[in-house]
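By letter and in written order, the chains are A, B, C and D; residue numbering begins at 1 in each of them.
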């Protein structure tokens, strides 16, 4: 029997609001045994001291464990903080069911993988990227996707450095790549994205010193979020497979800068959203361009000491995508290091046949 | 001889950067005697303690006074803080020249007016609205616009309450409408907008207690910014007049919510931007909807104690308009009380024949 | 057998770090059945969207429930967000044991109580104050303290209004005292403090319209923290009783403004801290004075739109107390409405015989 | 005739409020020709995008120029942003008069110096430190102080890197020590402080790579503030000289951590403040300890992505000093890199004979 991917997009009244999930389970709409990944957009600041991610992870783990027991640990939980602007907190619950339906060309396929804990001194280095690349290959295998060219989005949840982890590493006589906890989030996201690029064949190798510096090295399909609530990685691969069934489809595009919607508009049209298909999810990365400009005009995201540039970027790119799609239920994640070109980022669009 | 309105959009390297203006004057492109208004989008927080507005006002006043002497006081200076997201700090220099060109149907026309100082106890009350309404009528007269239906945008700079002004009022045995300085900004903007609505015939009267509460009362063409740097009001009216000459045109639309671009897209098309005309300026208002939702999906702008809702809203609506127009040089101003429907706001688009 | 109060002050590595508690239980130092209240100073912003309080409450509830089952609900959990400046996140675990020791004059005594859920329309009104007053009286009875004059500190955890609760109330055709969620925190704290004042006989009645306005009405021994994570109140009373045993002692003082340490220094001396006794805990309230000044000098806490005044006040008063006591493990809570005079607040000091 | 130093401490109603200065001039109390330095504590965030410093500098320059013409450029203007907690915005106007009074042992003496513009690639390097050291020596000479051991405080205003300066440097094929504008503030302060240490003989040389890393290298008497409003340095040296006259005295101490008031209390007593002398000014540096702890207890200043650690530190140390001195008119400046030990900082106390 072929597999079929499903996706429930559920509103979140707070970082610990799993009532929508419980309701679907109680109504028999959703079998908790089939859940493979939960992506959450939570209302924290998305930076180092964002505990909404931890609270959401705890709430989902507890909710899943009530049904799955220890099996709850196999579900990928990827919480991304920050619903700036009008972005709406929500959950994307991905799962896989067996079906007696026929396989359909280009049906949505998904797979997941976890990594071991990453040592603090490896964070932000090619070793982390290689660790992620192995997990991405495993997740592609899990999805049965026939080749990296059929992968449309890879979501990675990666760890960061805390003051305690840095001190512990130094106590062992080792160095971390940075002692700034906020900087470590960017380097971890960057290393993870280059790991995706390696696995997808977008790059062949990671030159010395490239992570966080050579921003022309990137993946067009990676999205990485760093969080304090895990020490290894969670990987979710989304793509197309002719062996899968069901009405769900995916496409992706790259924004080349914060106001570039050309590719996303094309992806929207290609999926025939508003026609035969209706929108189910948008996943995007956003960041402030390092050049300090967008199309030649200065931005102030990097010099605003009151407000992290990632918060600025999520709000703005959220607005751009919101204007295009007419909704604020958008999974826009900040910090797009090595995820699309500098100042831009990848966007995945998921739709369902009406 | 007919009049011709001009508009220079100049980048700002900082709140006190008037070098672009000086260059145009030095090159003979711009005659400082013809300047009527300068609108500035500066990189502060746009809230109570945003001193970029005062710094910009001081820099522009000094620059104008070098050329105009005391006549500098006649130029409307409207500084609006907040370039969240990728919004770019910039100046819009509006002026009026006599020309030997022919009048053109629907040419851009503009007029300005000032009010007296507003007493602290009148701020946020119908008395402030009526004061503004008189100034708007005066500015329409100044522009020679034949009727309020030809007005497309009214920009008002209005005062706010400071702790010192509140204390001084109480010492006189009087009350202010609020003792919260941030709240006073919204009430001042709201009263100003209803003053515009009165002058344009959009409403007939202001019911008791309506300011800040009955948000279905609004102007579709008002934009108000509050600032600590003035005690009265500055008013700029933009519209169309068949008696004016020149290649500049204006249109306007209303966003009904933070993701509604339908009207703005129509205005863009009506002006044939990208065709015979090129974009010169976009002026918009943004705010968080009081309902706490956008198209049914919860937003978190009103419960984020780290970040003012006006900063959220400017960033997001800036992104929506940036995605549509492909630029970040957008004059998006926060706090749209009685300026368009709750959660939405008016948008003016100015274009020039190529 | 007399009762003996104990207090464990435990560092917190994060809002969900209960490892110190678990260690004490595992070592047999602490019997979880004897725990009566946990006060937590967590590292959030202390305002509306501070989810560290909810995460901490969840972590403690889970930890206690592992030992106590449903009895965990009887333990008062009072989480106060905000460790600004050098303040250190920590837990204060209060408990009561039976002892065969002799009663000692003035020994620390404690009692707790809960209230029912407070309706949203009662929040910030005299009805809330009376509800709290009843709970305080119950907690005094629980402690067996012989009269209100022997009560030295009352900690109340109280609810706040959320956008959802306000909307639900309006849907029922009722009004809440405010529609601003941040404002609701202050009104809830104020009503709770006046409830303490009623119970302690510091005031006789609450005049109409006094809550949040007549700041000369206050309790010298109340500390209230508002949080999104509860709908009723948790009350902890700390005082002296000759019927209790053990080496713990308490005293209190009132800071009349943000730099007034006279009373606190006296309390420190009266307890002979640094002599026969060592410091175990400091609990204090902090707030920005509404006058906008401290001893005639202007402060900017109420006009800083980037940073809540409660964050300013906690940091500053934390510094004042830190300089006096030589430690940063201080339970400084923000928002002292009706808790001490305007701009000041009550301080409790707990010490133990060396 | 001997010289006499004076100091006026004036409240500031805003970053551009020079009315107190004008009043003193108009009353004949202060001769503008004798002003040597103005230190301002302004109400910005004290970080990169703090334009209150620029506004204050502009307001003071204009005010001085009305009296001094081009001579206004010789007055040191040192604006330090950030009045967190209850700290009060104020100006310290230092000047020198000739007097027919007798020299007094240990009288307050002061001198000033400026440096040339610092190239962006030198910022944060030993070259900057040496540039500052030369200026400090010049200022000591200007003050006629007999040796570095009689210097009690050196205030330096230093430049920072902006996105534009970094880009311009890279365009010339050169590198700056950092591309993070906020980081550049700390490196500039650190290099300036080590320049003071060189000039005062506190250190002999600056090892390679020491700036911003070897925090055990420091000056006990340096205070550096970085700002966007200048490209070189302004230096003010305060010390004692038996050749000067007048009732002003100075002492200094070092805080070893954020709660260490031992040395400051000693300095207060040594000056007999509250006895024969009254307090006129306190100048202090504050910072978050890099260890992440104060006396073993964790702080959260370095992991709070909503609020710069310098804002936390100013508020807290302001509170500690406010509790000791009973005033909020304290010049507490953030970012104490190489200014006192890690997590601590120098403090100068100025008093006047009653």
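Everything that follows uses one rule, which is that contacts are C-beta pairs under 8 Å (C-beta built on N, C-alpha and C of every residue); 3 or more make two chains touch, one makes a residue touch a chain.
These numbers come from a predicted model, not from an experiment.
Undergrad: Tally the contacting C-beta pairs at the C-D interface and at the B-C interface, and name the larger one.
TA: Higher contact count goes to C-D.
Undergrad: Sharing more than half its contact pairs with A-C, counted by residue number, which one of B-D, A-D or A-B qualifies?
TA: B-D
Undergrad: Quick one: report the Å distance separating chain B from chain C, using the average Cα coordinate of each chain.
TA: 46
Undergrad: Quick one: chain C and chain D, Cα centre-to-centre, how many Å?
TA: 39
Undergrad: Would you give the residues of chain C that are in contact with at least 2 other chains, written as numbers and ranges?
TA: Residue numbers touching two or more other chains: 13, 43, 45, 49, 164, 298, 300, 303-304, 306.
Undergrad: Please output the residues of chain A touching chain B within their complex, sorted ascending.
TA: My answer: residues 11-13, 43, 45, 83-90, 258-261, 288, 294-295, 297-301, 303-304, 306-307, 311-313, 315-329.
Undergrad: Enumerate the contact residues on chain C facing chain A in the complex.
TA: 13-16, 43-44, 49, 51-52, 54-55, 58-59, 164, 228, 306
Undergrad: Can you tell me which positions in chain D touch chain A when the two form their complex?
TA: So the residues of chain D touching chain A come out as 45, 47-50, 162-164, 167, 179, 181-182, 290-292, 298, 300, 302-306, 308.
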